[in-house]
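All chains are identified by letter, namely A, B, C and D, in their written order; residue positions are counted from 1 within each chain.
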């Protein structure tokens, strides 16, 4: 008997057996739903991510609702009451021109979030387009990746400052500069992911079936490289807020009188000994928002990647 | 390995070409020019125009570009508009503070981050781990200029432990030198420390859950050795990568910290040079940093080889 | 004014103290009879004076570079001129024994002082002076405009002269105190220029010689042991005219671009003196018992209209803007408390030229009137673009202006750029309707560039040009002053610029630091020292 | 009967998870005798590996697992030993060989180094002596040119060589018990045979007990003297190799054996398969754990957990049907 048994793998022969006919469509749907529930549960279980989400939502609410919340116009000058400390009248004090810091910080959230969001999304989309095409076309790949390498070799702050000096200082150009700074790494991520996806068997199969190139790219590859790109987008969102603040701090960001956090910090830096509130409050808002976004990014990563624990 | 290195070296060339074109165009597209900056704010238009012609700024851009590139190959990086020094010597004189600051920052960061990151990985879920997580999040969310301001207020003005600003050269004593760059180094290193901590923890976690660690345990190796020898050497590859990236980060981040603490480094030189439209200096710094960046990446690859035989031998 | 007097008395006291110490320790061995040397060899003074400055100049070549900080550091210490300014902003001899303006005002003759040593050891000759003065004229367009094609020439070994067809009445003051003063260097140094045309070596005649410049870090000056002081030993400083003793061995100017850092360094005792303190730190520093804080007018702000094209080329519009603005608010926005109102284009330091002509049109704060003028003039919502730079918070003035002008119904747009960009943009009349700049103190009104039709802003007005010409052509100071009053009065009407006020420079120094000369344009250190 | 070297008595291993404790091993009892080869078989997820790693206490006891029961080795209960002594037993008295040699050998150390490490820890040999001994070990496990191999890194060796190295590491200190956890799964067929031959050879030469954990019944049939069949953390059948292969009592055992294709079998006949898959640990059925998949399951099977009962001198089985039949026969 013993000799009659051949070496083989038991694994294979134990599987399967589900013979009954199931409505495949329904099964797929319920599976998807279940998966989504698992992901949401996973996300909500991570308290840090939930905290991040709450902070970010709160910032958005504050930014959108700024006109309703603030009693002062963030641009309204009142030089008589300059550099007044925190009071019932001015919760966060007033700045060097007597403007209400609370209003400026809240309106500043609009600018920071706009910059961060626009940069994140645009860099994500551009990076994805570049990454996808680079992964399929060797010449495009060489050119695009050389340019990306070149741009990446220049430290981002320095590149952004230089670009801001070239372009007229306004919020649109801050966004453009930051996109240019962030696209290379985004494209890199998208490209490496796209290459992995491209080599997978189902892509071979699609090619075999004669799918057109753009259909392959957008219908089949794009969704598969989306997760790492989305995760990266949240981090770019966060880092753009910091870079914008740093640019304004160096005097190369969104120009006065716009109440960007970086501008308030920059003005506050000069009077930090006498008007700590001008540094503290925008500082806290910046740190909180960035923190929230980073936490959210971690949560999104877990949410999108079912493999991660 | 030799072929690999050669390939790496060749791949540097297009990168540098891109960098040179990008920075040259950017710099020359910037409104305003060095001539006006050199003559001061009360200078007249004719004086400025005359100086422009003298400096060759009225020639076509392409010509200026090639003149610059060719001169660079001859070792001539041009003349700085500030006090007419050769660019090379200006850059070299600003190099030391930045290198010193960046290395010091990274040293502090590495000394804190790597052991803590390892400890956090080993004691996952404990207080240390949570502390490390919080720290690394704070690190990536706290811009260096804010941290710098707070450090300055606390340690220099209130406690008077460190000088507020300024830079003491190493030649005037190592102690004084370190004292003058400690606060900026902390401000600069904080974010890097956070990144390193995060990466060390993650890669240690991965290594610790690997089979060879289980095998080492089954062999009866002490926990201490497992962590310090078996796991660390494997995690080192990641750590080296982060360290390399941090050097580049530190160089880039130095601009803000340097101008805050009045440290005459490359970052400050760059910011100042943009202000005075010191074309050649801006171009030289960017090229230098790009070359450095590329070299660091190459060095990381070679270090990989030293640490990881899989890379070395293949 | 009161402050300056107090300072003068203080300075006198210090000088006396310096002398006493000097007598006590007269066993000095340095040659050249520099009594000042005695004082410092005594060892009771700190060897190095550390002065924090927030800016750095591209060059210390004052012939070509007009940056204030270069003058603050080197004018009077490294460089000396044929004449310098006394307390009344009059040109008085420095490197010359005497000077003389001919009756018709068209010939200016200088008799040189003998035995003046350059830092390279050579003795000053008429050739050196001629070379320096002519290089200065070539480099400084205001001087060139005044003298035309005429140049200095050597008369004999100790006399130089210049002859023109115009009045040279104001030339001595320009030599002494222009933004680009006529520093005397060797003939060789005048030739020895770098690629960009700046002097390679800084060889002056002053009590301090240039030693080292670490870019963005510090500039170091060392006492010049062969310096020969002039004037009366122990005499009180009169303006910049001073018996210079150089009691401190080294003057080190530390470049600290960040004001907060600078102030903190001053408080921590790292620096002996600090320039350009933020006005918001002023009260805190003033309350500090270890520090002296001093404020003085450093110059005036100019809101320059574009007269060539756009809405501001209309007289009614400029008048309306001038009627609308609240100068207090504009100045506060940028300088905090660090300003003084005043309709005079010249600063307090030039007492001779001060006048309130035209002051009734200054700081009207009358939005209703402005609206009226706009309505009459037919203003129809055209965009009014204000160009301002981020340098020194000047963009804040633009912000304040914007809010005031919007209140009277003007459609204001801001263009905020960095300083170098502004310098470029202002040459293009299509880019702005007004730009904001500031003028450091000048000794004579003829240096107010904005009266010229080529200066960006292009105030091309016959009457303005005529009055300006008459002022510069005057051969007597009183005539010039009278013309100046007329010019300023007309100017407030025509409005080449609006001068909203004067900004103050705030300087702080250690109570132990003595002998600082505060005449004009910031502290000068040729007699300064910290007693140990 | 030979002496017992290891007695496992009522071993339970529970994992702490977010949903509470999960029992991966539930009351496993067996002995290992000196010089014997004991096969432990079962599908993936049956708790074979957990059993072996529990013996060496390789799981993190502070956070991850909770052990109960007893494991007696050389008269000591391993669960009561302090970690320091436990470490002395690991690698010296009880060694382990893992499934994937590539991932189990540290990629950044030479193979020689990894053998030397064992020797240095336990035998306190000098570096030189340890190196000599390591080369000897490499030679013993059939690695040609051992001196050169000594300085090579794991990735430079072939799969079979690596597995030999791992065996050399495990045997360096001449352990009394070798636990081989799927030692041949990752290898191709001819190499599998060589490695198994090596293990059998070492088992005879060193007179040590070997616990061979595998899902490959053929290997067990060829090499082992006794077999334990595990299902869902429990032993379902235990017996001599003849008992198990010639007279399998438990339906699960029978299913396993029938699923193996036979040389003399009818090729047109479909291979037998056991319906369904191994349930998750969190979904353990309340009665007989195999009941949901068992073609013979009765009401009782679904409600009542059967005991492991002795049915002959060498054979034990956990099944209501078998014991009932025996009862009838008796």
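The rule we apply is simple: a contact is a pair of C-beta atoms (placed from the backbone, for glycine too) under 8 Å apart; a residue touches a chain by one contact, two chains touch by 3 or more.
No experiment lies behind these values; they were computed from the predicted model shown.
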Review point. Hey, how far apart are subunit A and subunit B in touch steps, shortest way?
Key: 1
**Study point:** Co-neighbours of subunit C and subunit A - touch as defined
**Key:** B
Practice item. Please find the two chains that have the most C-beta pairs touching each other. Key: B-C
Review point. By C-alpha centroid distance to the whole-protein centroid, which chain wins?
Key: B
Practice item. Would you identify the chain whose Cα-based centre sits farthest away from the centre of subunit C? Key: D
Revision key, fill the gap. Separation of the C-alpha centres, subunit C versus subunit D, in whole Å, is 91
**Study point:** Length of the line joining the C-alpha centres of subunit B and subunit C, rounded to whole Å
**Key:** 40
Revision key, fill the gap. Distance in whole angstrom between the CA centres of subunit B and subunit D is 53
Check your understanding: Roughly how many whole angstrom separate the Cα centroids of subunit A and subunit D?
Key -> 49
Point to revise | Residue list for subunit B, restricted to those that touch at least two other chains | key: 30-31, 149, 157, 259, 274
Check your understanding: At which residue positions does subunit C touch at least two other chains?
Key -> 258, 260, 264, 417-418, 421
**Study point:** Numbers and ranges of subunit D residues touching at least 2 other chains
**Key:** none
Practice item. Using the touch rule from the top, collect the residues of subunit B that touch subunit A in their complex. Key: 14-19, 22-23, 26-27, 29-31, 133, 137-138, 140-143, 145-146, 149, 153, 157, 248, 251-253, 255-256, 259, 267, 270-271, 274, 282, 285-286, 289-290, 293-294
Exercise for review: Under the touch definition given earlier, write down the residues of subunit D that touch subunit B in their complex.
Suggested key: 53, 56, 58, 63, 87-92, 95-96, 98, 100, 103-109, 117-118, 121-122, 153, 155-156, 166, 169
Check your understanding: Where on subunit C is subunit A touching in the complex?
Key -> 258-260, 263-264, 278, 280-281, 283-284, 328-329, 332-333, 336, 390, 393, 395-396, 398-400, 402-403, 414-418, 421
Study note, to complete from the structure: The residues of subunit C that touch subunit B in their complex are 56-60, 64-67, 70, 139, 141-142, 179-180, 194-198, 200, 213-217, 254-258, 260-262, 264-265, 267-268, 270, 417-425, 427, 437, 439-440, 449, 454-456
Point to revise | Contacting residues of subunit B [partner subunit C, same complex] | key: 30-33, 36-47, 51, 54-55, 79-85, 90, 93-94, 149, 152, 156-157, 160, 163-167, 259-262, 264, 268-269, 272, 274-277
